[in-house]
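The data blocks that follow each hold one structure.
Here chain A shows up in two complexes: once beside chain B, once beside chain C.
Up next is the complex of A and B:
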């Protein structure tokens, strides 16, 4: 144990001394302005994409095709995980017990709040920091809170099975693909935004296809992570006895 | 002076952090600890990417316009942070989480098959049961 503390102190001291020495002896230039590419993105985001948020504009417009491929990586990673765990889907074998009434009630309130915030992050993703990825992850956090407090079987009883979640995920990914492919019908490039999708609907700024992508991406991310959480919380006995209920 | 010091300190700490993470990935025998080191390494890389979009200005604001008119472009160019690294890290974190979950599934499965998460013992058990490394 003592060696660990010594190594830690040594690391802290060496980091401090190296950086103080470097800042005193070497003349290292620190960045003091935006890079050229970033200047373009910041100046033209509203004109090019209809979104005042430059990060969302890059994620779903300037580099939209990259993000769609990344979504594919996400999909394949989750499908790979579920394929390793390949379990048969049977009826529920246990009644959910969960924690005390106090923790259950507070979890209900907190999960509702988390779901609301996740919806706000998603639907405002083209106007304020946020978007599909953080919104979906926030929704998955609510499910991950419910699983230990109410037990996994409570979710299964309510009909939240991993089969349904994977199906929902497939639906969301198909929708993302359709939103990306639709402009091709009119002879435009794939993942076209402003030339095909409207900037405003009834006076509400929607940022063209960015809000659509955000909504479907949040569904995809949330359902994928909830499916992972369900699979990871299957008790070990279920595998040993050969029956499981996810 | 203080700005240079803080910037260099962050770079040095990131380098040390990645060295520790690489040590964990290479030398630790437990697969779980390898996974933890891998997450430390990926988080270090994310912070390094975010640092690439940082520059010294006051105030440093997020690259978000307050209205759709966009009349304050000059102010934004002088004070907004670089949006590109943020966009890359935003997707990278979620993809990293999914791949980490895939690795965790693999570790759990190998634990079920061999009864250990020690990388060397797993190879021994597999070679004893006739499976090639």
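Up next is the complex of A and C:
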């Protein structure tokens, strides 16, 4: 035990002394002021992408291809999760009871508010900070409130099943792919924004393809997270008693 | 003319909220079992968070030179209302779950929920 603490102290002291010595001996330049790239983004974003929100423009336009691949990676992660929890509840065996009337009523109010906020985050993603991923995650939070308060069976009775959610997610991802691929038809580059998609519709700034990406990404993220939440709330007996089928 | 009044009412609410937070913290440490400790925690959430948030919105309205004061006032007022809905429900659900699972040892003088469930 004592030797481990000694080794730990030795490691910390040596790492600190090496880094202090390096910063004293080597003359490493410290960046002061904005980099050229940052200045470029600040001054040219609105002209290049039609979106006043520089973060959304960078994520979905300047490095849009990267974000589309990231979405694909998250999709594969969720597919992997679903493959592990591969069960379908064939029959709804329990009637939903849920918690008390107070909690149900307030959860109705709160989840409606959360859905509104999520829509605002998503639809204004090209104008204000936010976008598809935060908007979709906010919508998933509403479902994650509903699952413990109303019970999972209430959602299943309403027809919100994991299968449908995964199908919805597939639809949304296909739509993202189509939005990225459509400019190729007119001989433009993949993930082209302004030359193909309109900057304004009826005088409302839509930021070209950025708002479309945001909407579909929010659908994809929300349905994926809700599907995972549903799978995680399947009771343990369902796996043990074999009332479910693989 | 009304701005200083708003500012001072807001400051008073802010300080009262701090006092309630202190009281709630003392209660959380001193109270004997889960249910009364939950009561103290909810005191902290309602009087210690909702009141100061309303105070902040009044203070923001009382500062004409503050940029974006209506946004600050509106956002903190809406947050206060939301907390007013959410915080009691949170403690209600916690207390309900603790009662359902019978995980708290206590000697109640009266237990209406148990009487209702026995019916």
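Here is the rule we go by: the second predicted complex is superposed on the first by the 210 of 246 C-alpha atoms of A that agree within 3 Å, B and C clash if a C-alpha of one lies under 4 Å from a C-alpha of the other, contacts with A are read in each partner's own complex, and residues count from 1 in each chain.
Heads up, the rule we're going with is that a residue touches a chain if its C-beta (ideal position, glycine included) is under 8 Å from a C-beta of that chain, and two chains touch if they have at least 3 such contacts.
Since this is a predicted model, take the numbers as computed values, not measurements.
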| item | value |
| --- | --- |
| Touched partner set for A:85, first chain B, second chain C, both or neither | first |
| Touching partner for A:160 - first (chain B), second (chain C), both, neither | neither |
| Contacts of A:110 with chain B and chain C, given as first, second, both or neither | second |
| Chain B versus chain C as contact partner of A:137, first or second or both or neither | first |
| Of chain B and chain C, the chain that contacts the larger number of chain A residues | B |
| Contacts of A:168 with chain B and chain C, given as first, second, both or neither | neither |
| Partner chain in contact with A:99 - chain B first, chain C second, else both or neither | second |
| Common interface residues of chain A - those touching chain B in one complex and chain C in the other | none |
| List of chain B residues in touch with chain A within their complex | 1, 3-5, 7-9, 11-13, 16, 20, 53-57, 62-68, 70, 73, 76-78, 80, 82-84, 86-87, 90-91, 93-95, 97-99, 101-102, 104-106, 108-109, 112 |
| Contact set on chain A toward chain C in their complex | 99-100, 102-103, 106-107, 109-110, 113, 149 |
| Residue ranges of chain A touching chain B (in the complex, touch as defined) | 11, 14-16, 18-20, 22-23, 28, 30-35, 37-39, 41-43, 45-47, 50, 52-55, 57-59, 63, 66-67, 70, 73-74, 77-78, 80-81, 84-85, 127-129, 131, 133-134, 136-137, 205, 221, 224-225, 228, 231-232, 236, 239 |
| Residue ranges of chain C touching chain A (in the complex, touch as defined) | 82, 85-86, 89, 92-93, 96 |
